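The same chain A turns up in both complexes below, where it pairs with chain B and then with chain C.
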Partner chain A sequence: MIKYLLKRLFWMVPLLVGISLVSFLIMHLAPGDITTTEAGFNPKASEESRQKLREIYNLDKPITVQYGLWLNRMATLDFGTSFASHQRPVFWEKTDPQGNVSKGLIQEALPITLLINVLSLTVIIAVALPLGIVSALTQNRPPDRAITLFVFIGFAIPGFWLALVLMYWTGVVNSWLPISGLHSLQYDQMHWLGKVADTLRHLALPVFISSLSGLAGIALFVRNGMLDVLHQDYITTARAKGLPENTVVYRHALRNALLPLITIFGLSIPGLIGGSVIAESIFAIPGMGKLFYDAVLMRDFPVIMGILTIGSALTLLGNLLADLAYAWADPRVRRGVLK
Partner chain B sequence: MMRRLFKHPALANPLAMVGFIIITSIMLLALLAPLIAPYDPNAIDVKAILLEPSAAHWMGTDGLGRDVFSRMLYGARISLLVGIVAVGIATGIGIVLGALSGYYRGWMDVVIMRLVDVMLSIPTFFLILAVIAFLTPSIWNIMIVIGLTSWMGVTRLVRAEFLSLREREFVMASQTLGAKDGRLIFLHLLPNSLTPVIVSSVLGVASAVLVESGLSFLGLGVQAPQASWGNILTDGKEYIQFAWWLSLFPGLAILITVLGYNLLGEGLRDALDPRTAGNQAR
Partner chain C sequence: MRSHSTSSVCALLALSLLLNACGQPETSPKTDLDRPYPSEAGGTQIDAMPAEPSGLIAMIAGESAASAVASNLFNSLLKYDKNLELVGELAQSWQISDDQKTITFTLKPDMKWSDGKPLTSADVLFTWKVVTDENTRTPYGADYKLVKQAETPDALTFRVSYEQPYAPALDTWAGLQILPKHLLEGQDINTTAFARKPVGSHYYQLQEWRNGERIALTRNPNATQGQANVERLVSRFIPDAASQFLELLADNIDLMNLNPIQYARIVPARPELQQKLGLYKELGNSYTYMGFNLKHKPFDDIRVRQAINYAIDKQEIIDGVLLGLGEPVASPYKPGTRWSNPALKPYPYDVARALSLLKEAGYQDHDGDGILDRDGKPLSFEILTNQNKQREMAAVLIQRRLKEIGIDASIRVLEWASFVGRYIKTGDFDVVVLGWSLSLDPDQYGIWHSSQQQPGQFNFIGYNNPRVDELLERGRFELDPDKRQTIYHEFASLLLQDSPIVYLFAGYGLPAIHKRIKGIDNPAPPAGIGHNSYEWYIPRPLRRNEIAVE
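For the complex of A and B:
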């Protein structure tokens, strides 16, 4: 297992280098100097902010030196300070000479987005697994047809539109749920249980929106996986030797059908992180997605580059965890028989 | 019954057929927009602000008194154009890189596959938004950016097809007879690996349409006054308490279009892929 872990860690090195190259390329994508483009569409860009841009990305140095310095920024996770007037550090808190601590932007936003994603994944597992299993067991009969219809609509429905409709219906027409922000105004005076309930009420709609397309995908995946497994010989053997149908389905078939799901969850992380932009900006949740969206609108480049890098690093981490979980769950992978 | 009526299996697949009908109807509406649209999509009429749907304005009017039905028709052009061009770019890149990777293998394969891994580990929506932040949002930039960030799946598909086809007898025979690389690639390998590429392209258009409308909704896609389903919805958000029609129609249009492409894609996959076709028969 240790050997497997080391091997996987080693594979991450070229990926990290690649991510640094792609993000470096994006920085230099704008025709000419990024400082001039910024000035081009933002008349407010002063000489001062251009100077800051040059400083932070060392644009007056040769390109190789610039890349080296960018690598250094990535390695030390120091993405500078935001261009916004509060000038807070992009990633983690810093203490100034007077001893004032200013919290990092990502430091504050990341836990919120992680919470939303963990809740979404929980919802996806809790709903998609039963749907997929029922669908496979009733193949081509009414329950399967209904679930397949739901899956297709789940894929096709634009999340931001559904968010808008739900926001109007549950928040404006009926006022069942709060429609923006993370906490109520009275949050500070609440009992801790009340705080949890309040946060969950605020997160209900965003979590639903961000889990919807994943839900459809996983349900379809479980269905197809179950169908594949149910047609294999060892299932026929299990049935032939007279095992109860429940044992065959849930112990023999389901376990094997669920294995690839671990990888799928790993692969769905970039989608979940990226998808947070729409849900968070509609519901005004101060997570990574909203932070990123606001940074894009303000052309706050240090924040953009910081989130892009941190988001990619999280994805790599998620994939690593998924691979390790897979190796833990499937001895064939661990011993290098498969893959 | 149905299978006897049509010769080609793709036509006999009811899912694919429904998807095909949806897509062609929307394409026709988009193409004929100048003939069908009752009003100029950008004509502002201050005497007709936020009117409910009626005989004069089938889908009502927006906050500037523009006819929503006309804007929806012109918006269809944008959505379909962005979807198809973006997927065209992605498929082009995917075929070239996948073919190079699968045919030449060796270091080229390693480099291209690592590049695929790198692109897959950057959250796509962040990547798209970051690029747009450095460029200016416009319909052309949107197409290019979506195309440049969605070629990885096709690359993997084409590579896998090439790797398995290369070992087949007809390719070896041709190689033994002295066929050059170009002939092998374009005459033998490529035509035989197109099926999964077509399926994934059709499904790709669906997600490109969703991404474009999402970007336009966020104000980072197609810019006003040019109509797109996404930016009509932005208005819908603003007037949601007074004008349900501004939110309902573009949302439904996106839903139906994406559903159409997904049905067509999945139907084609079932019809063209002997493995899943067999699965269904069981």
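For the complex of A and C:
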């Protein structure tokens, strides 16, 4: 088992290097760099000073040299500093000689995105599981039809449109919920309980919107998994033994139907850190999606590479964890791994 | 089953807790927003910005979000008044030597930084050294490097000498925000923590900066220009324009710039919005144009350029793209300012003139396919523009008008970086639809002088007129405003005559401001609605219910 683990971890290193090389190349193949933004198209900004900036950021060097420089820094886990955001560290905070702490860009955006995604994952599981089960148990009868219809609507509805409609309904017409942002202006004067309520109120719509499409997918997945399992011989056997219906459904059927979900959740681990650009822009939430999107627009290479590297490392780890969890849950797979 | 119902009760409880917490009382609807109130200090004004500043040292940050906040924190030596004339800000007065090469600024006495330290000419000299330093990562250093020598004979005098007279110099000193030497000396300006906790001298000082959420400014007790009325300015970062508008509707922000549809259709259709929002109109700082590549045939022929200019209906574009909320321009200067030549009128929409000019140039529909041609080659070209809705819509209207007189134009819309990198820098384009700013200083050497055609320079259309070159050069040496005015009026009329670009429109800025904010100049002077924002005030009965701040 340990040997298997070590082998998997060892193979992640060349994979990571490969991923970073490809993303580095693609990023640099895109036309333009930090000095060619629309704001820079200004007769007051001379071409010489732009060239000077390019030299300072090593953007005038051949791309292989640039990649080498980047790899060299990564070897010491130094993600560098952002071009666009006043040289802020990309990943983690740094303290200058005067004792001023400069927070890392990812350090600040990540907790926000994690919070939203963990909340919406919880919502997804809490809602999609029961929906999927009920749907499977009442296959082709009205409850199933209603749930499937709801699920398809949820899947098909454009998130940004629904977000705006809900913002208008709950924020402008009724002032139930705040429209955008993370905290109220009075946040700092609030009692801690008030702070929690304030944050939750701000997160209610973003979490709802970001769970909606995931919810639809998972509910259908559970439904189909359940249907597959319910038609297996061992379910018939269980019923024939005279087991109560609840035991048949929840112990025999559901546990087997959930196995494929492990893979899905393993694969969703990188998704946990990648926020949604659209939702974050509409709700004015400073999360990872917005950070990445702005970095791409500004051609802020250190930030882009930092996020991609962390993202791909997490993807590989997520795969590994999913495989391990699968082995833990399914004896058949476990035997295969241990061999 | 049981656990199921318990959890739903919990969910209901949580929901009602959430909903209860939000019943914040609004200003009572009965409060009369329209009656006059006496001016008084205090209150909070909230606005929204689409992006977060990267830092608050404007010369390093460079983006508009940074300038918007920094302009409330820092002073320059000079500023533009409401009619866009230069007046002193930190400087009490300035003298130009007889040979026009030396400018001596005299600072106002007893000025302080917001931390109480004195603000002197040493700070000005320090700022000049920073902006011209080789290691400073600013794209705006070039203007200041023209200064041959800068000195401070005493604490209130700052003197700069140029190699040659440089007329835009005064404008450049209105654009350089003075930084405190005592806090920045010996630090790396590119990475200093000062950019995130600045100390300035203007009306406001930084109170709080929540990354990704908002910046709050509060009045600076040591302000060099007197005290502003509004106690606290909060700028929330809301990237999405639709969300900003919803926040405005819900009364969570006090002002934003509307788009023409919101301004002309949505707000007027809703009485409850008209009741609480004041709509204003100010001329924006830029114009949109269609530029020809003068190095490509047939645009080297002035008759073709003029014909196309006559064939485009500018008013139609203003009505279609801006719902009428814009003005045609005939020179690259703001209408109503001294640099704008009132005698110049845009090319009228005149199809007959266009066709006869094209006929003179040899273009006629010889083969009867509906497209004009000369020597067997049809008159067709591609209009390039970047992803900007207004420019795209303008291009479509132009395309239709050109089609009517037999010119076949296609449109290509590109992402900014590839637009500039692949087409502008290489000069590989026929026609572009783009914008330039209506600059406050009339010097536009970088855009129109024939020497500025290298890749990366800004005369990418290849305009070359010796007389214009001469005027642009003379204009740079002439510091007397009246003589400059004559020079640039002639320049603008030659430019209009040559028609290297078709002026399409200058759009209005369309601010909507909640009526709780009083003291706004309406109609807006050339400098725009915000020119006296320090005089704006929020009468106590109209303020939001705020938890007291200090």
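Simple rule for what comes next: the second predicted complex is superposed on the first by the 270 of 339 C-alpha atoms of A that agree within 3 Å, B and C clash if a C-alpha of one lies under 4 Å from a C-alpha of the other, contacts with A are read in each partner's own complex, and residues count from 1 in each chain.
Just so it is clear, contacts are C-beta pairs under 8 Å (C-beta built on N, C-alpha and C of every residue); 3 or more make two chains touch, one makes a residue touch a chain.
Since the model is a prediction, treat every value here as computed from it, not as a measurement.
In the superposition on chain A, A:Tyr250 contacts neither chain B nor chain C.
In the superposition on chain A, contact of A:Ala156 is made with chain B only, not with chain C.
In the superposition on chain A, A:Gln186 contacts chain C only, with no contact to chain B. Once chain A of one complex is fitted onto chain A of the other, the partner contacts of A:Ser281 extend to both chain B and chain C. Touch criterion not met for A:Trp92: it reaches neither chain B nor chain C.
Looking at the shared chain after the overlay, A:Val165 reaches chain B, while chain C stays out of its contact range.
Touch criterion met: A:Asn100 reaches chain C, while chain B stays clear of it. In the superposition on chain A, A:Arg299 makes contact with both chain B and chain C. Within the superposed three-chain model, A:Tyr234 lies out of touch with both chain B and chain C [touch as defined at top].
Common to the chain B-facing and chain C-facing surfaces of chain A are residues 30, 37, 40-41, 164, 167-168, 172, 281, 299. On the side of chain B, the complex with chain A involves touching residues 114-115, 117-127, 129-136, 206, 210, 213-214, 217-220, 233, 236-237, 240-241, 247, 250-251, 254-256, 258-259, 262-263, 266, 279, 282. By the touch criterion given at the top, residues 17-19, 21-22, 24, 26, 44, 46, 51-52, 54-55, 60-64, 134, 137-143, 190-191, 193, 195-197, 210-214, 234, 236-240, 242-243, 246-247, 249-250, 252, 386, 415-418, 420-422, 437, 444, 446-447, 454, 456-458, 546-547 of chain C touch chain A in their complex. Chain contact summary for the complex, chain A toward chain C: residues 30-32, 35-50, 52-53, 56, 81, 84-87, 96, 98, 100, 102-103, 108-109, 112, 164, 167-168, 171-172, 175-183, 185-186, 189, 194, 197-198, 200-201, 204, 281-286, 290, 294, 299.
Residues of chain A touching chain B in their complex: 14-15, 18-19, 21-23, 26-27, 29-30, 34, 37, 40-41, 152-153, 155-162, 164-165, 167-168, 172, 227-228, 231, 267, 270-271, 273-275, 277-278, 281, 292-293, 295-297, 299, 301, 304-305, 307-308, 311-312, 315-316, 319.
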